[in-house]
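The structures come next, written out as structure tokens.
You will see two complexes here that share subunit A, one where it goes with subunit B and one where it goes with subunit C.
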Partner chain A sequence: MLRYSLKRLLQGLVTVFFIATATFFAMHSVPGDPLASDKALTERIRANLEAKYGLDQPLTTQYGIFLGNLLQGDFGISYTQENRRVNDIIREHFPVSATLGILAIAFAGLGGVLWGALTALYRNRLPDVLIMLAVILGISVPSFVFAALGQLLLVQINGVLGFSVLPVAGWGTVAHMLVPSLVLGLGTMAYLTRLMRSSMLEIVGSDFVRTAKSKGLPARRIFTHHQLRNAILPVVTVLGPAIAAITTGGFVVEMVFAIPGLGRYFVQAVQQLDYTVIMGTTVFYGAFLVFMVIVVDLLYGWIDPRVRLE
Partner chain B sequence: MTGAPDRGGEAAFNRSAARQLGLFGLAILVGLAALMWGLNLLASLTATAGGAPPAVDAANNAITVMLTEEPPQLDSTRSTDQVSGIVLGHVMEGLLRYDDRGELAPGMAEQWRIDEGGATFQLRADARWSDGQPVTAHDFVFAWRLGLDPENASEYAFILYPIKNAEAINRGELAVTELGARAIDERTLAVEFERPIAFFDKLTAFSTYLPVREDFYRATEGRYGADADQLLYNGPFALSSWVHGQSLRLDRNPHYWDQARIRLDRINVGYITSDPNTRLNLFKDEKIVMANLAAENLTNALEQRWHIQRHMDGSIFYLDFNHREERLTRNLNLRKAMILAQDPGELVYKVTKTPGYLPGESLFPRFLEGERGKFRDEHPAPTYQLDVQAARAHLEAARRELGLEAFPPLVLLAGDNPVSNIQTEYFQAVFKKNLGLDIKIDRQIFKQRLAKMTAGDFDLVLAGWGPDYNDPLTFGDLYASWNLNNRGRYASPEYDRQVRIAQGAMDAPTRMAAFAEMQRIIHEDVVIIPNYERGVAYVTHPRVKGIVRRVVGADTDYTYAWIE
Partner chain C sequence: MAETAFTADDFQPAAATESAQTVSRPSLSYWQDAWIRLKANRRALFSLYLVIGLSLFTLIGPLIWTVDPSLQDLEQISQPPGANRDAVVVMPHRPWDGTVRLPEIRGLELAEPATTQSVRLAWAPLPNAAGYRLYRNLFPAGEGQALGLPLFETASLNERHFEDRLDLKPRTYHYSVAALDTQGRMTGAVHRLELAVARVVTAQEAQAMGLVAEAGQLKPGDRIKLRAHPLGTDYLGRDLLARLMAGARVSLFIGIAAPLLFIAFGVIYGAAAGFLGGWADQALMRFSDFVVALPFLLFMILLRVASGVQPGESGITPMVLAMVLLSWPAAARLVRGQILQIREEGYISASRLLGGGAPYLVLRHMIPNTLGVILVTMTFAVPTAIFTEAFLSFIGMGVAPPTPSWGSMCNEGIKTMLTTPHELIFPALFISVTVLAFNLLGDGLRDALDARMRSAE
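Entry: the complex of A and B
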């Protein structure tokens, strides 16, 4: 188990290294000038800025410097916010995205399992039909639509009641994150519901469930220990990438609900060609994704004893 | 569903399972509640506790507003953008400032004298920093040297160039100590000019001219302006907290000299987002006191029966031609054909239909001051009227002059946003319909568009310009042959001559005549095709009065606001 974990971590490091390298060279080959602004720069000011960010060096040297700093965990200073370090940006804004993400994942994971199991139990009956209809909506409607609709709904409710039931936007309390995290987790919840449903249906007809029934186990025990536990496995598998996707993919939701998360910086950095922030956030998110996948794989071995991690 | 006996068993099983699932659901709810409690704690660590207060908080004499982005740079010597300008306008004050009617007023300086060779500013005795220490002439000298120091790489260094030796210092040819600005004593600042300048008083209200205190600056070790406690304030308000990306709190600065004009005790910036719909929703929910309206929200605002106001922000937008040697657009007849084939009125009222916009007529927008009244009233802009026949005649002349069989497609460089997308499509359509010209649209992200503009990689480009100070020169010198922002490389000795007159002369009549000449040359030489002057439609909270919108300086300015 320990050897396996170490091996996976090592592989993860190599993956992150390749992500960093690919992003670095892709970013530098994107057309556009990171230093350009509305007002033209004089030669001298431009040269000073280039020297400050090391852009006057050949690309390979820049890459070497970048790797050296990466080893020390230093991503440099932002281009757009010249007196903020990229490390500070990640440190200050990732917890916000993570907080929102945890709640979104909780909604998505628990909701997905619950609705999925429910639809399987009531297959082809009214609850199943209704939930699956909602699932289709959840999967096909993009999150920015839900975000805008959710916010509009809040404004209407607050307007009718004459006081703020839930804040329309902003950050600071759990009330601020309820609607955004629900919106953020909706797509994943719908996806997990479908997954859980098909997985449940497969298991209901399996031999070990029939065996369990025939040896007279109580229905409750069969349901929890044999059906749910087995059906949940595929859900756990996709949870790792889903966690990464939710904590990194909150750009639109963070924008609409004015939440100071890292997703906003991530996307804006690309639009602004903010080289250091692009590298910092990409490497950070890459490492995070790789780490979550490893964690889920380890978790898998714990949930399903048939899986031996070697 | 196999046989009848089985079905009964299965139904019972399902009932039992459903009950079990219900129990799970309950457990999940309890778990979620616990999780939320935990997250609430976590969120309070990453934010100002409890979130933002309502739009109007009469008990604390406070209002709440929003910003479209996190202020990128509060170091005044390096700040270039509008959002940082809003914050700096509330927490800092220059030698002079603009008052609630947009007129120049005394700031840190109580008296000043400006002549051809230089200026002297007398600082007020009660001018203080937020730590209680006096604001001295040294603080201005230090800030200006910093702004020009090549090491500091300030993008707005050029705005200090009227001061003697400034440009040479910025080029690295002279030491910063050679700057023609000296502290005679603690309260007297003497400035020597590089050449006579008629509007130096207006420049001193600009953010690059704001003071910076040396000992404090050095103590921040490169993080000056990065956080609320990394900045020293001398304006009506001071930042008491700044949670990046989320909120800023501006509290009344007790050391500010002119307490009488400040009526609010606190301004909360409660939200930071560029989403216009969020802005509208926050306003509707009475969370912010002012909201700019996007085009798509105008009908919604009308339905609410809000009192909608308009503010012309002083920016102009136009089609810039590439006047470089090898370009077809260097041909005057071609440019004439194009300007005659389109109509800015149609563009603004029928195509973009954005609230608040006015059709463009000149390089000089309507707000600029002339001799006594507005420059544009004293010198009306000559314009072209849509005339397809004349346009075609000019195009034919251009074709013959250029020795072409037919015109190849022209490249129109543009940004990638909804307004410019509509604009490019309009030009593509009218030039095709009226002239038979093919326009190839080259849509680029912001930074790449700028890179291509600088490289001259276009025939036409959708461009815009906003004022740095309230003098026609901020637009006029744009087409001087030496100006780096003249991206189409237009060059005319006569135009350059007029710019030099406007730069050097001290009396208004001579200067305004020069600007009128520039306006005429731009028109006759068809240097640009004016599109529109930008305006914004906005709504304010009925209980908050005295909100000031500005063309130059902090827009929006809440320092004069009060709660009714």
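Entry: the complex of A and C
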């Protein structure tokens, strides 16, 4: 187990190195340069700025400096907000995104397991049909549409009631978090519901359920202790992709709901071509996603010893 | 115990009936069989009709609804479907000298009926006024609230009339005129007026818009209808139906071209790895593992930034290329697995025994036998690609304006979501229906084509 973990960790580091390299060279192959903005610069100022940001160095030297800084955890200074370091941006805004993401994962996980179990319990009856219809909708509608519709609905509800039940946009209190995180988790919830349903149905026909029945266990106990526990296992495997989906989905949800998270800053930096912020946040997000996938894989091996032998 | 008496007849072989040997039903190929199973699946058939309908909408639609998707109808901006299109023909505008044919002016009043051509206002004197300022607002302003857009200011007490011609729309406006003191500050005394503006056009404008062939056909007072927009218009007055059709071309092109290309590449790559085996297989698969580990959307954004789409370019090609670069490993892995499995089958040995060379084996036996799986993967890749296009265009990193795509239309629509939601809802609906259709079709194809992958229903 330890050896496997170390091997995965090493692979992850190599991937992150590759992401950093790809990011660096991608950003440096962009036509034009970071200083070619709307402001006309004199030769003198331009030379000073290039020296400040190290842009007058050969590309390989710049790459070396970039990697060296990265190893020390330094992502550089923003080009558009000159007194802000990328580290500060990440430190300030990532916790917001993380809170939103964790809430969304919690909604998606709880909802997915609950609805999936319900559909299996009421197989081919009305609740099953209704939930599966909602699942098809959840899988087919893009996250930004859910975000927009969620906001529209909030405006309507607040308008009808005449006072603000839940805030329409912004961040700060728990009330601000509910709707965005629910919206962010919806797609994943639909996906998990489908997975949970097929996993439950598979387990209903398994030997240990039949044994439990023949022992005379009450149906409720079989459901909670035998079916549900075993059916949740496959749900854990897709947590990795789910985290990736929720992280990138956060970009648009943060945009629509005006939440000061890292995703919104990333999108903004991309739109303004803020090179250092793009490089920094891409490497940061890349490393985060790569290691989340590893953590989920290791977690799965720990929960289900059967998959450890691989 | 009684003895059974056997006769010689008992030892005759049973008569082999000829009918048991013949095949009573026509033999079916793999694809015929799959088609029959697909037809029996109601959901899959429904999705197939949806896909056909969407293709017709994309390919035939623009031939029927020939409105130019980039043409701006400035008379009808952000109009929802089914909006009132009536307009009254009027004379061309003539300057106003301020004469008011009203017996007496009380407060703020209309000197003539309000039209989109001009709103002519006159007002009674306000107490202690050294001057006046006129405001226009879209909403009624309460006590202490800003009165809206200042249109006109005067220090002359006799000049108590104004003609508003500033970008008038057929809707309700709230005008107010405030009294100013000698320093130009508002004293607090205000006249208010709420009025509805009627839509008018001149005969010349109607001819320029193509509503009538000759301006002379219209006389002032005639009622005509402005251009029809079945699904309304967007914030620049462009026809939404025409834009949805043009956007369908872009979105569906990306949604189909990208999976086609990356699956083709993946098939070649995977087949090569699976067939070569050993050291080459290991090296090829390590590399694909690497590409899989890259965060997909993050790299899509990065590649888009790196490709540096210039103004005037649509950005479709870089997006398809980026998708191909990042998405092929899934198909490659799948095909490799299939090839490894098929390699051990009896019919491959038989073919090899009969003298089939490596290319022949791969092309004639291995790839045709994986086609079913490839087709299913392809069908499921289409919604993913459409989602990716929509997501990237939505954050402004996809198809560049003015090229319409469903994603970029959503991006534009969300800005006016609260007042005119139809600009967001229609493209969003098309994305959802397309994704839904391909997902259901994929489910149906999987059930029909591959017994091993049949879903547990």
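By our rule, the second predicted complex is superposed on the first by the 302 of 310 C-alpha atoms of A that agree within 3 Å, B and C clash if a C-alpha of one lies under 4 Å from a C-alpha of the other, contacts with A are read in each partner's own complex, and residues count from 1 in each chain.
Here, contacts are C-beta pairs under 8 Å (C-beta built on N, C-alpha and C of every residue); 3 or more make two chains touch, one makes a residue touch a chain.
All values derive from a computational prediction rather than experimental measurement.
Overlay on subunit A: subunit B and subunit C clash in the combined arrangement.
When the two structures are aligned on the shared chain, A:255 is found in touch with subunit B and with subunit C. In the superposition on chain A, contact is made by A:273 with both subunit B and subunit C.
Shared-chain residue A:87: touches no atom of subunit B or subunit C. Within the superposed three-chain model, A:29 lies in touch with subunit C and out of touch with subunit B [touch as defined at top]. Touch criterion met: A:18 reaches subunit C, while subunit B stays clear of it. Ranked by how many residues of subunit A each touches, subunit B and subunit C are led by B. By the touch criterion stated above, A:95 is placed in contact with subunit B alone, subunit C being left untouched.
Once chain A of one complex is fitted onto chain A of the other, the partner contacts of A:152 extend to both subunit B and subunit C. Within subunit A, the residues touched by subunit B in the first complex and by subunit C in the second are 31-32, 148, 151-152, 155, 255-256, 271, 273.
For subunit A in complex with subunit B, the residues that touch the partner chain are 31-34, 36-42, 44-45, 48-49, 52, 80-84, 89, 92-93, 95-96, 99, 102-103, 106-107, 110, 114, 117-118, 121-122, 148, 151-152, 154-155, 158-159, 164, 167-178, 213, 218-220, 222-224, 227, 255-261, 264-265, 271-273.
By the touch criterion stated above, subunit C contacts subunit A in their complex at residues 290, 293-299, 301-303, 305-306, 308, 310, 383, 387, 390-391, 394-397, 410, 414, 417-418, 421, 424, 428, 431-433, 435-436, 439-440, 455-456.
Subunit A makes touch with subunit C in their complex at residues 11-12, 15, 18-19, 22-23, 26-27, 29-32, 136-137, 139-145, 148, 151-152, 155, 198, 201-202, 244, 248, 251-252, 255-256, 267, 270-271, 273, 278, 282, 285-286, 289-290, 293. Those residues of subunit B that touch subunit A in the shared complex are 12-14, 16-21, 24-25, 28, 31-32, 35-37, 39-40, 42-52, 66, 70, 72-73, 75, 78, 80, 150-158, 170-172, 222-226, 243-246, 270-275, 277-278, 281-282, 284-285, 287, 444-448, 450-451, 454, 483-485, 487.
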